[in-house]
């Protein structure tokens, strides 16, 4: 048990920037370019950590605390997640609520830091981000409820444990719908197309990017790493849901990693194939994801 | 049995093929004549129902077919005059559509298979929707679209209800059929939740075609914009067919044991229709829309009649005949007045009694008949329903009935008197300012018929109404 | 439970949601066409022993031809004539439509479990899917302003009724089902003609303009 948990901790700490690299590589392949190396995000993080930071005089301790709190929250959330079928490092009944709100806490910290700069530009970004998050939250909870109902467990570790592959047999349709809903939520929470374009720097179109515009150096490294971690967490959920049927520890771990890679490639494909939605359509997309998840729940409750 | 259905259909095809715009209306006459002959033969021979037959000539069919035949005969003669004056339009679709409508209405009346009845109702809706657009202006187009969409919506719900009803009989030992006889015979063996749900859907669906409130919103537009000829056939004939469908569904519901619930629903919708008609008839300046609301009111009376049961049910069937014929009178007369003035609002039209010495007074007489004044027949049919209500102790319902009738009398009277009285000099002149025999004689004949039926109801007819009522749990004798 | 039939029913409901959320007419028509194709596959998936195979195949082929090919083709012609591409914000709003649709689906599943199926061996998703689709069709007809969308709503409603009719295919005579399909075709045909006239008269298919007649 202990070696496996240590392995998972190592994965949690090391793999996330690789996912970002895979996403970027996939987008480049689609665009016909060679693209950056797969390990580029690691180099970016290393470079940022070596730099110094400049702080504006209008900011306070909130601005400096933002990235730290955000990263701490996401790492804690990662400890609640069971990977590859093994139990989670920390697990108790109802911890999925804590999971969702730890992610929310991270977002809250980032938004506060953005507001702390006193710039209306960043305030606008924070407002948009928080609005979309408030629509994504019911969808996320509905998906988690589908998991709970299908597996009969009320802790994340239990939901993602051996009960999940067994739940596919009677409840395939519902779990499939929940997977689709979860994928849309993942795109929304991580600021990916079609909700937000991570590569844009146009004033009217930025959402997540604008919140972190004033951070530099180690702070930006923390934020970048936190974003990669968040992507990893959602990828872990989806990977376990869709590809979780390995027998034995080795097979489960291997399938888990394969699933993560597939998730990253999937995000890359979606980003390359679609355009960003008009902002007025994003609530409709998120409500659609909620309705799909609700439908999945209804199917299970029947 | 098949002659009244197939003959008009065949003639519809013929009418579609005939290239001459002038000769085509003759097909209507031929259709009417053959239809009348067929119905007459059926009445004379009264063929008994074979087991498992889809088409049965029962009392309800007899009442409806008699009304339809008389109306269509009058309409066919009227059409000769009307279409001769409307040579500016190609009447191919119009003539074929009217004949198809007659065939469909006959099928609905005769059909004891609920699926076939549905198919025929849908066909009637589709056949008449393009006809509303005969005047080819923006308003009639809007009316045609609303009629088509709301009618199709209602019919689709009625189909779902028909399926529910079929399913209710699908259990082991159930009849597994859509024939009224089989369903009634199975009676309590039918699955109750399905029967109840089916009744609701079928009432909503066929009620939309009848024009019961609150599903009547298409009626003022459709009847208001359609030519008077079409309005007469729709208000007098098609609504009766929908009423027969509702009555047959009620038969089955009674047999299954959901009678109380069904009665309440029918009485409720009936009173609602009368109330709504009363509200909208007051201050109505367009006299054709006013007639549409009058049709809503009378459909409410029909629903009320079979909902109350007993003598009121027999009165309801009597009323379906008197209402049908009277609507024929008023719509045809209104059509004449519309063409004489080129307008159908009371701002423009006055003095119709002088400009059109037959159609003007006919509108007045028709108004008196439609609102239930003696000695016209509707008075006696409405009296029978009222009598049934009070005799069974439904005093509140009877009182409401009378109140609504009074309000409608006042409301319609204001509009009709404004149209009929006064001096026509200075009023606008339409495309057809003079009275013509071909368009004046049919409503006159229908009016005479309405008067005669009021003064002297043949015993045979009276018995027919009683028989029809017996199918839905009523009769002349019992209160 | 047979997985393919399960998935088909679920897909039908997901398409209902898509239709409620869609604002592009072309996408909506294609969604209805796909729904028609799915429904055409259903009689074959649900046919158990004792069902007349020839009858089933005929029904499936007829439904496919009408619902998936002919009727969408007519609708595409209608919008090409009128050169419209989008539906403006409907009366209730896309988000509200989706939520209402979702509530309707939930209620349909709840309600259907209370209606005992006398047949006994029908697929448990059949009645709820049928009721959900009927509800979606009603919502579309009532809340959409473009005439084409209203016709699509009518088609969706008829799809729901068709699904329900599959319960009775054991003893319902072919004539009634054929009559239903033909009536659907005729209805859409007539609607197409009226839409053509509407477009000619008003230069638009926005039924909000059809508001001259009122009391």
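First chain written, first letter: the chains are A, B and C, and each begins at residue 1.
The criterion applied here is as follows: a residue touches a chain if its C-beta (ideal position, glycine included) is under 8 Å from a C-beta of that chain, and two chains touch if they have at least 3 such contacts.
Everything numeric in this text was worked out from a predicted model, so none of it was measured.
Engineer: Can you tell me which chain is nearest the middle of the complex, judged by mean CA position?
Structural biologist: That would be chain C.
Engineer: Measuring centre to centre, with centres taken as mean CA positions, what chain is farthest from chain A?
Structural biologist: So the farthest one, by centre of C-alpha atoms, is B.
Engineer: Quick one: report the Å distance separating chain A from chain B, using the average Cα coordinate of each chain.
Structural biologist: 65
Engineer: Quick one: report the Å distance separating chain A from chain C, using the average Cα coordinate of each chain.
Structural biologist: The computed centroid separation for chain A versus chain C comes out at 37 Å.
Engineer: Taking each chain's centre as its mean C-alpha position, how far apart are chain B and chain C in Å?
Structural biologist: 31
Engineer: Scan chain C for residues touching two or more other chains and write them down.
Structural biologist: Residue numbers touching two or more other chains: none in chain C.
Engineer: Can you name the residues of chain C that touch chain B in the complex?
Structural biologist: 114-120, 134, 137-138, 141, 147, 150-151, 154, 157-158, 160-161, 164-165, 167-168, 170-173, 175-176, 179-180, 183, 186-187, 190-191, 193-194, 197-198, 201-202, 207, 210-213, 215
Engineer: Quick one: which bits of chain C touch chain A in the complex? Just the residue numbers, please.
Structural biologist: By the definition above, chain C touches chain A via 3, 6-7, 10, 13-14, 17, 21, 94-95, 98-99, 101-102, 105-106, 109, 113, 124, 128.
Engineer: Using the touch definition up top, name the residues of chain A that touch chain C in the complex.
Structural biologist: Going by the criterion above, the answer is residues 172-173, 176-177, 283-284, 287-288, 290-292, 294-295, 298-299, 301-302.
Engineer: Which residues of chain B touch chain C in the complex?
Structural biologist: The touching residues are 115-116, 119, 122-123, 126, 129-130, 133, 138-139, 141-146, 148-149, 152-153, 156-157, 159-160, 163-164, 166-172, 174, 176-178, 191, 193-194, 197, 220-221, 224-225, 280, 284, 289.
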